[in-house]
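Here's the structure, in structure tokens; my notes come after.
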Amino acid sequence: MDAAFMGETFLRLLGGLPLTLNLTFASVVLGLVVAMSLAAMRMSGVPALDWFARAYVFVFRGTPLLVQIFLIYYGLGQFRPSLQAMNLWGFFREPYWCALLALTLNTAAYVSEIMRGGLQSVPAGQIEAARACGMSRLLLARRIILPIAVRQALPGYGNEIILMVKATSLASIITMMEVTGIAHKLISETFRAIEIFICAGAIYLILNFLVTRAIQALEYRLSPHLRNAPSPMPRLVAASE
Amino acid sequence: MSIFSLMSFGSEGWGLAMVFAAGVTLSVAACGFLIGSVIGSLIAWVKLSGGVMARGAADAYTTVLRGIPDLLVIYLFYFGGSAVLSSIAGLFGPGGFVGVSGFAAGAAAIGIISGAYQSEVFRGAYTALNRGEIEAAKSVGMHRALMFRRIIAPQVLRYAIPGLGNVWQLALKESALVSVTGLVELLRQSAIGAGSTRQPFSFYLAAAVLYLAITTVSSWGFRRAETYAMRGVRRA
Amino acid sequence: QQAKEITIATEGAFAPWNLTEPSGKLGGFDVELANDLCRRMNAKCKMVGQDWAGIIPALQAGKHDAVMTGMNITDKRLAVIGFSKPYATSRHVFATMNDRDILNLPKNGELIDITSLNDDGKATIEQMRKSLKGKTIGVQTSTNALAFLENFFKGDIQIREYKTSEQHDLDLSAGRIDAVFVDYASAMASLEKKELQGMTVAGPAFRGGLLGRGVAIGLRKDDGGLKQSLDQAIDQALADGTIKTLSLKWFKSDMSPPK
Amino acid sequence: MTLLSTPAVSVRDLRKSFGSLEVLRGISLDAAEGQVISILGSSGSGKSTMLRCINMLETPDAGEIAIGGEVIALRKGRHGRTEPVDRGQVDRIRSRVAMVFQSFNLWSHLTVLENVIEAPVHVQKRPRAECIAEAEALLTRVGIVDKRNHYPAHLSGGQQQRAAIARALAMKPKLMLFDEPTSALDPELVGEVLRVMRSLAEEGRTMLVVTHEMGFARDVSSRVVFLHKGVVEEDGPPGEVFSSPTSPRFRQFISEHR
Amino acid sequence: MTLLSTPAVSVRDLRKSFGSLEVLRGISLDAAEGQVISILGSSGSGKSTMLRCINMLETPDAGEIAIGGEVIALRKGRHGRTEPVDRGQVDRIRSRVAMVFQSFNLWSHLTVLENVIEAPVHVQKRPRAECIAEAEALLTRVGIVDKRNHYPAHLSGGQQQRAAIARALAMKPKLMLFDEPTSALDPELVGEVLRVMRSLAEEGRTMLVVTHEMGFARDVSSRVVFLHKGVVEEDGPPGEVFSSPTSPRFRQFISEHR
């Protein structure tokens, strides 16, 4: 392997890092919001909302992100006159917004499924105990269901964030030059695919390493009740809150 | 040319080629997913009960394989794997290229990648189990394997199925990357068609429809499995 | 002489250079020329379709022996693989839509060779820089076309890079970009599509120099004499007009490299 | 028995089936304020189901439930299942009713103290400091104040049951539903818990207590109700029913008790 | 008391701490074959922990446990924690010991019948048909044979407890560990379960029974052991200990019992 070449490649790839981070962060945050609305729709008991949420998840989980990005960007681009009439062209004109939209819609579908798994793992008895003391649905969700479900869904959610870090790479097909986009460009210039991918891999690995550690730390914090012995230093609830 | 005549099943239409490619996608993803299930449950088991060293190794495995771009794994497997095999073959006779079949390399790559994801899904589900029921299994003298088969696995599935559904979708999509090995799966076939006819929309729409068809069947399967796995669970 | 066996890879999705028929059969300029060259070399050839992203690694790994997929020679590629002599060169043009305000570029329809740019040529380019100032131009990434734009127009225009030429055509028609700079053959193919009605070529065509290293067959550096026999075959095909005939068939214009 | 004021809880012709199994087959019951009613019955006779219906954890198939004079409005929903008309009403009523579950159902992600103050702080919106002080007093009373920062998974059975009792008491409810609240306790603690319950009754709180403790039924409660196969077989003051039971089934039931 | 043969279970100086809490502080206990030992003690005194140690669900910090004369080999493992030397040995011993948990711990994905035949079929590898027949007989005996195809989540508390008892009995164990096996049962069923246990004792099976039922301790058991703060405070035949307790703590404990 050629150290100088790798170094140069690494530097050039780093140029795409801000965009990768930007897309990941924005889509993860927005995706979480959309996913929560989807989960709320599915639990709402209103058939139309439930049906909509199911259909949404079906379509966005069922087709490749690549195809979604392609159709949102190039596909909607074919309807410019109507989009202009609706004053949406300013949004769809920009590859950044299209990429962000596709990533957000896609991750929301996956995250809402992960949430559903978490919700299912909350023991019925604990929900009933909360209902029995008069908790409203919202309070029940906030105080009992979410803390237990979140703890449960965290490993899966960690998976999803990591996938999003990597999924931003598909933005390159709509001209957004993030890390993988630059890597592909370098590859078609030099054809040293393995070396370039190893550099890109290192960047993603560092990012994702940070994500996994953060998730693990959070998981540890959220599960004192699953650890073996009670904490030797009892948590002072009275003092801390 | 309308999308319907473009996608027709006659000799001038791409329908047959697309459906065949969908079959390739489905089979490479399914093989990869199954390999991943085996790897994933082993890794999850190591993470939950292994020693410090083993846990560290399992942790490194999941971090690295989830952390690096999937394409890199596939490259290493396919081109790296061929290089290794070729050099081994070179020891015995005149050098030549020993091909790893694109399908095998692809399924193996999807397997070891999705295994990393599945191990996290399984581990998460395991922590949701009722400890008491596991103790009950121990107390009747079940050895580990029996307990795993009779008590843990059926209950882990309960909480793991939604997550596994996600990983299956992931494997399905990862199969698209396997095209670098020359395997003509659905997305590669669409790209070929799009490039040859310059009708990208028709091809990507058709691909989306075929992916949805695969998803329809598989999510029906997952729903059935979930209903079965959730038997005996009281819902509040 | 015993027939050699050669495996040649092509992308099969880059019409009209190379394409795939619904039956899976490969076709296009590259494929027909390859068959012709092999006949001349008295070799047994096998054409295989291979995704662009893996085509060079697979060449290096020995999965196939040659790559013939409308690929231009560039310095960086030369650092990694070998090339035969060019079997075609292409002209490049700006293409835009009827309704855009950059239609009236100078010297419409003329051909400028940038190998040795004369004063007239320099003036033309200078004029174009003015007309194109601030415009967004789409171009296929990692091509000679991109190198040309970066060399002559950098700072005046915004360059947006696309993976394939269909993609920049779509964005051109959607109005996200003002023009594309593209291989003439590819532009001709696009012009025929009804989705791209109103697409038109503007200004002169360019060839030579940065654009003119030519399209050639990619080979491993240690090709075991393959380059020599391919070069010979290409010379013959050029001399007897086969390349010109094929080029007219597929591109509707002569793409033979200058002698 | 004449009721002088509106009954604290009034159940009319309550019916509930699970699938083809009719668990409650028309139960009627009134409890005046301050009454302690022991509910006896063999295993599977529908005692827990009845308490759960009163708290709307199971929606009854038919019948009427009124708590503190307020009738819980029910309607036939989709698929012909009954459902409450107004969830807000149900929540409001529940916040005045406390329940101790047969299987405790402590919240596993909260410590004992957090379990106890959860409803007072978040449902009743009382000041946190006050709730903590009260919770500690309650936990002292049931003898697990030293476990206040432990999670339920780390408690013994009896400790969990006491935490569940403390959690219910912390809500200072008008009506309390206890489902076998002393099943996991030793005789000493049973005595202590019964003392606590007696003092609550004296404060005028109403209690429905499912129990297998004949001692409790006889000595503490103001009325005994015996459920059998989903109907009320016996209902009266403990003195009466234990000395001269009218139902042969009840006579047999108490005969085992030494 | 002289032991004529090897004791069915023998515990020597058992110690166990959770964090800084010393739960068992040196417990010794021998049970001869066919003995029924009642273990009494207030909530949190370590009764469940003791049973769980005997079954190796908790590994003791120190001490020796022998079952049917076979000592469970322990060693200090990594991090200074004790661990069994041979898991195979532990599994083998466990398959001869049955346990009824305080919280039942029925397998939620299996029906009642499947719960009962699980260990006989898969651990003891007995013919399935035979196991089913036996299981149905047992379920009939505890009165829940009509629930055999129900999942545990759909059973009442007492029904779950009976299923758990049936599951333990189905293993035909030499040694049985019962953790409050009648806590959720009504007096009639308590009577029936005690009859079952008595007949098992007569067959020569050994039983350790954690219980709060003084009646059971007095009438059924051959020996009573009283745990207090992790040590054995009182140990003797029920007649003796109830009439003239030596430990003041035990005297106080039984004084509450009416």
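Chains: A, B, C, D and E, in written order; residue numbering restarts at 1 for each.
Heads up, the rule we're going with is that contacts are C-beta pairs under 8 Å (C-beta built on N, C-alpha and C of every residue); 3 or more make two chains touch, one makes a residue touch a chain.
Here is each chain with its UniProt name: A = Amino acid ABC transporter membrane protein 2, PAAT family; B = Amino acid ABC transporter membrane protein 1, PAAT family; D, E = Amino acid ABC transporter ATP-binding protein, PAAT family.
Being a predicted model, the structure only gives us computed values, none of them experimental.
Traced through touching neighbours, the fewest hops from chain B to chain E number 1. Where touching is counted per the definition, the chains common to chain B and chain D are A, E. Sorting all chain pairs by how many C-beta pairs they have in contact places A-B at the top. Chain B and chain C have CA centres that are 38 Å apart.
Averaged Cα coordinates give chain A a centre that lies 39 Å from the centre of chain C. Per-chain CA centroids place chain A at a distance of 19 Å from chain B.
In terms of their C-alpha centroids, the spacing between chain C and chain E amounts to 83 Å.
In chain B, 71, 75, 79, 158, 200, 233-234 are the positions where the chain touches two or more neighbouring chains simultaneously. Annotation for chain A: residues 74, 78, 124-125, 128, 131, 193-194, 226, 229-230 touch two or more other chains. With touch defined as above, residues shared between interfaces to two or more other chains in chain D number as follows: 103, 153-154.
Listed in rising order, the residues of chain D touching chain A in the complex are 52, 55-57, 87-88, 91-99, 101, 103-109, 111, 113-114, 118-119, 122-123, 128-129, 132, 148-154, 167, 171.
Residues 11-14, 16-17, 71, 75, 78-79, 82-83, 86, 96-97, 99, 179-182, 184, 188, 191-198, 200 of chain B are the ones touching chain C in the complex. On the side of chain C, the complex with chain B involves touching residues 11-15, 19-24, 48-51, 53-54, 57-58, 60-63, 164, 166-167, 170, 189-190, 193.
Contact residues on chain B toward chain E in their complex (touch as defined above): 51-52, 130, 132-133, 135-144, 146, 150-151, 154-155, 158, 229, 231-234. Here chain C touches chain A in the complex through residues 52-54, 56-57, 60, 74, 76-77, 79-81, 141-142, 160-163, 167, 170-171, 173-176, 195, going by the rule given at the top.
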